[in-house]
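Both complexes shown next keep chain A, but they swap its partner, so chain B is in the first and chain C is in the second.
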Partner chain A sequence: MSVDDLRGRFEGLFERDVTLVLAVLGTIYLAYILAGVAFGYELRGQLNSIANLTFYIGVFGMLALALNLHWGYTGLFNIGIVGFMGIGIYVTALVSKPPVAEGGAAQVGGFGLPLFVGVLAGVVVAGLFGLLVALPALRLRADYLAIVTVAFSEIVRFTMMSRTFQTFTVPDTIDLWLFTFDPAADTVGLGGGGGLILNYTDPLEALLRALFLWEPYLGFVAFVQQNFISNNPKPVIDGVVYGIVLLVGVGLFYLLLSRTGKSPFGRVLKAIREDEDVANALGKDTDRFKLTAFVLGAALMGLGGILWYSGRGSITPPSFRPNITFFIWIALIIGGAGSNTGSFLGGAIFAGLLYEGPRYFKNLVETAFELGDAPRNFGEAMAGFASLDPMPFVLYTLDSISQLRLVIMGVVLIWLMHNRPEGLLGHRKETASSVDLARPGSGGSTGNPAAADGGEEQ
Partner chain B sequence: MSETDESTASDSTPVEGAATDEEPSSAADDAAPAESSSDADLTELVEDDPETHTGDDGARYAPLEVEGLRKEFGGIVAVDDVSFDVEEGTLTGLIGPNGAGKSTTFNLITGMLDPDEGTVRFNGEDVTGFEPHEIANQGLARTFQIARELEEMTVLENMMLAPKGQVGESLWRSILPITRGAVREQETEQLERVWEVLDFFEIDHLADEYAGNLSGGQRKLLEMARALLTDPDVLLLDEPFAGVNPSLEKRLLEHIHELRERGYTFLIVEHDMDLIMNNCERVIVMHQGRILKDGTPTEIKESEEVIEAYLGGEV
Partner chain C sequence: MSVSETYVRYRRTLSEEPLAIGVVLVALWMVWSLVTGLASGGIQISSLASLIWDGLLRGLIIGLAGIGLSMTYSILNFANFAHGDYLTSGAFAGMATSYLIAGIGENSVGALLLVGAGGSVFGGALGIGITTAPIAVVFGAVLAGVATIALALVIDRLVYRPIRDESGIALLITSIGVAFALRYLLQFVFGAGVRGTTAAGSVPRVNVPAIDGTFRVTAHDISLVVVAAGLMLGVHLLLQRTKLGKAMRAMSDNEDLARITGIPTEQVIRTTWIVGAGLTGVAGYMFVLWKGTLGFNDGWLLLLLVFAAVILGGIGSIYGAIGGGIVIGLTASVSVIWIPSEFGRAAAFMVMIVILLFKPEGIFSGRSTA
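Up next, the complex of A and B:
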């Protein structure tokens, strides 16, 4: 690869899209920091707020990217995202939770394998379930795939809750042809309605230990404790560092998916989205491409689920309701289906403005105006209008802003559908090819008359 | 409606002059004498084609043979006992009034539909009931009656999609750093050929345009160019002249004749009788799902049945 080639690639990175992404991220972070200042946050509070924001930007960014592979590229209408996320984290928990005897409070144990094995298993199993769903469903037209996937995600959730799968007893030895296993686990299961306690090693600790960074990290925490935050800084720093890990994850997702998109493989996916019969008539085995894309996307959704929930103390089935799926869809639609950069941008905007934003807005207004107590119910809120006093209603609205979040999302979605249905970056300009498609020898520009001239003289 | 579109389209891409061209790049392309540049392109186009394309004088080899095809939709027999073969290096026309079963026959041959009875043989192999992509990979390319472009893909992406045997169509090869080099290499090679074909069809000035923005006539050109890139032995064109203005029609015909001279085989569905009569060496007339007549244009013109079918006599 020549120097020019490298430079070209480097310059390509800083096209308009990337500038836009950086500008949007910068604005969101700045707004959060300013809000933090308004709240009178100390450093600790600021870091907490930033860590929280970064977490949601990270997970929504990743999941929107994965969905973009399904919908933006291949046109597969998957509305069962949360099912794959749930499978990912549940399998990870099952594999990596310590056996019940060591677990103490936990009623259900796991196989006690290292966390990275658990993550790997979670991703693979999510992919396998993707295959299971896709095999019969991809033969159907788009709407039927949607029905199958949403049903699938609900089946997953009900399976998590069901008593049948709550606990299993693992035999002491498992004979498998030549090998004999002696699993440490006694009782495993999905935990039913109570969910699972994630009592494995802290994922961040596991990662840093694997990278031999754990000791330096503890040193850094001690340093911060001495100089900046005297009172137990570790959870805060953990949060920030985990946010950074997630952003690195987004970067890897982006790299993987833009490579997938910018290749002959991605080109066929686009062709399937546009007109499957044409792709077929051009000799492409579209079923195989759809299947591969669906499995890859499902596996990535599994990984997204793992990264979202693995840091929590526990997981319960209600976390995996379809609303998560629709959040991710909104993120993708905001950013623009068909563009990887747009998907991440949509994830960031969704996380910053629609998901976390309303709560911040409420706190901000409350800090700024020293408002009184909100009315307890809608009747009281409306009663104020009798004496032409809108305050109770405003207070009530502000108080129920987390419920209103869904309404706001709906309004934004309707506005987008009317005014910018292609999303912020939905121009689908990301050319599906691993090389520049300009006329060879024309110096990278198709509009170069001199070069075109030279090409014609033979 | 679309008539205006096409006339502007063909105005901007004159065959022999660049005076009316708005883009400097395409002006430069078109300024080169059409004859010499097309010839040069064509040699390139077919250089990797199998030897079989050199036509012999004797009994011609027929790559496509159709025997006893029958297809029913509900109670209606759309195609009934249709048998014919298409000889190598020929331009064969398949004509008939609306509803004669031409497009259904096409779909049966290309695997879009499965026949109830009968066989389709391609290059000696029985391909009946094959999937469309399998048939395409055997070397039988088709275009659609209503040009079906991949609208939100550029012309270049449309073209790059077509070639067979792209190593980068395997996901792992495309994403792994070690194997991606080979993918890029193959795409670079492929790209040269894509540009040659774009030049040949004189749509190179549209290369970066979204296919959805093309006029009806330009879509027809793109579709034929794309089909050609699959490196087919036989091209099935479903009404390539429908909705195309006369000057573009002439251009399309020139392209088809040039390609045929290089050894490509064409089967063309059309309901414009004159067009087929003047350009094809063999004509198959279908009517109400059956083959009415199969012969040279002169034979067809003299056939009472054909005239009756076309002029609406009782059949």
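Up next, the complex of A and C:
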């Protein structure tokens, strides 16, 4: 098979992926815009809804991609994702928050360094904790690794909540052997159960200033204010632009991970996933490869956590419960572990349908029908059935949609594991081989690289 | 064992040495600070005794819940992440029964069955407790077991059986889905609030003298010990005196081999669920009776400790689960002597991680009974 032929096939694949991604995103966005029309949103409301949707598509897409490096490529069963996310954003906060003296209402300060230093530190520290977990844990069986990582993420959360780490006083000067160091910080810490107020520069502003786009951006906001949204348009535009930044971030994650996957390093990872003993026997130091992959993935999860929470204004420990980890797992399984395009698609579908969808559905129903007040508890809901009136139950169900969406997620997960465990695009799981493994004569027709198990699934 | 294998093991031990030395140093420091604390009077013997008693009870609950997890882990070969929500389901079913028996006639049946969702009925007002409403408590405990068995069998039929032959990881992921669905269905039905379930004030208690003070033992502590010890003995006899135990051991070793030797594997699996889920449900009920509050998250919060116990004891061993449970319970309680109290659970997780690193097959391995 010639090089041109291969390139042609790759381009074909790329084109189809782009079409697929655009089709899925287009459908989701169209549904949300139509819902917005039904709600009678003005431009402002529509933009808000789009910004919110884009935000969740971005973060779930990113984190699913990072998880794909662990599970899809290397076969590492990590269910401590939220721990790395939390470490990322907490370190960023510690490094970048201004000292208490300048910080207004915040009880706990930080070192007051620029935000990009904070983000960098957050990513690096998340990676280091990845190393700390992986060094001992990678020798374990997959299910033990799962339990260790989820225990780790809970330990991280306990640490965030604990009074012991709530505040520390930083001395005025620190003597380090030869030179004396004078930190700006006065009181730092993890804030305990109350969490931290993120009173550093707004991340979007910091980014745009760094790119020298801040003045043009303000000009654009003024333009929008004059022509479209007269009443304080900045928060809305901020949201939309931050969403776009996140999507660019997803693109970068995608490029990084697909390049990694195609590199010799990535091929070893896939070989480990398929059979670690064989990879070992072929002279690869599999422990080392697993370690590197785990650390890289953990750092990306840290970055994902930073991008998720840095614009939130404040962070509290309950946000970092293991549920988020499982959300990302569901996203990855919907999309198909092993495929980067699939990971992003899974993130987008999860965000649009399962995470945000039920709330929109509830609002739609409430807009369409004039509904009374929902019963306060299940008993009152069931009482309606005594007089053959299902309405209280329906109302209660709608009112509890935020809990029921987790039930739906659970059922979807079970259904997927029964009927389509490989997800949307998991059949495209890339092979560990650098050459085409398809049998002559039969391989070329499908255009897909053969699946890892010799193409039996196709 | 060949020479090269010995060499590899030797090298691995060497590379683990720094960690092992660290663990030993930490242990020595703990003993030292405990001894000096006791000697100087900084730590009272009575408060130590109280912590140990609390840890022991906690450990019995974890152990009781762990037997079920351990059995399904070894027979079906997957870590059931929905196990914690089986505990919660048992607790709700049992408490609903207790409420109904204790409060029927004076309160609406709906409010009683929903365990007082939204503050409609209070367990304290109903006088739930082993001495104040013994019949309600006994029936509650029995029904907790029965309801959890029914739930586990239904879930097994609908969810796990169709994918019985899949890998352990696929089953684990599926069980996460079950856990989500179950936990938030419970929240949907019973509400999100944490409710008090017992008449905590009227539970009889005695102050047991320790050298420099006393520690408290309540009637619910005693009933927990009695129930846990009784059930553990029952499981021991069941697995030792019947063919079931042997069949289960055979299955956890090699399921195909067990099937061709004529062991009805599906039937053994069903029995495993029945025994395991029954114990789990009763453990959930006793847990709630003992601590006096009930929320939809309780089982999930306990689950990681149960996992820790099962791994510590060695998967598949019921004595391991009990022993591991007691070790984990004691760690979570007694560790507050050395570290801030908010890290008690973290300490238990650390013990589990350390055991996994040095002896991943568990401390009681090789003596499996189920």
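By definition in this document, the second predicted complex is superposed on the first by the 409 of 458 C-alpha atoms of A that agree within 3 Å, B and C clash if a C-alpha of one lies under 4 Å from a C-alpha of the other, contacts with A are read in each partner's own complex, and residues count from 1 in each chain.
Everything that follows uses one rule, which is that contacts are C-beta pairs under 8 Å (C-beta built on N, C-alpha and C of every residue); 3 or more make two chains touch, one makes a residue touch a chain.
Quantities reported herein were computed from a predicted structural model and do not represent experimental measurements.
Contacts of A:P171 after superposition on the shared chain: neither chain B nor chain C is touched.
Look at A:L256: by the touch rule set out above, it reaches chain B but stays clear of chain C. In the superposed pair of complexes, A:V150 makes contact with chain C only, with no contact to chain B. Residue contacts after overlaying the shared chain place A:T431 against chain B, while chain C stays out of touching range. Once chain A of one complex is fitted onto chain A of the other, the partner contacts of A:L140 are limited to chain C, with no touch recorded for chain B.
In the superposition on chain A, A:D275 contacts chain B only, with no contact to chain C. In the superposition on chain A, contact is made by A:F378 with chain C only, not with chain B. The contact surfaces that chain B and chain C form on chain A in the two complexes do not overlap at any residue. On chain C, the positions that touch chain A within their shared complex are 19, 78-79, 108, 110-111, 113-114, 117-118, 120, 159, 162-163, 166, 168-170, 172-174, 176-185, 187-192, 304, 307-308, 311, 340, 342-343, 345-346, 349-350, 352-353, 356-357, 360. Within the complex formed with chain A, the residues of chain B that make contact are 23-29, 31-32, 36-37, 40, 110, 112, 131-134, 136-137, 141-142, 144, 148-154, 156-157, 160-162, 164, 166-171, 174-175, 180, 183-184, 187-188, 191-192, 194-195, 199, 204, 207-208, 226-227, 230. Within the complex formed with chain B, the chain A residues making contact are 256, 259-260, 263-268, 270-271, 273-275, 277-286, 289, 292, 296, 338, 428, 431-435, 437, 439-440, 446-449, 452-453, 455-458. Against chain C, in their complex, chain A makes its touches with residues 77, 136-137, 139-144, 146-148, 150-152, 154-155, 158-159, 161-164, 326, 329, 333, 376-379, 382-383, 400, 403-404, 406-407, 409-414, 417-418, 421.
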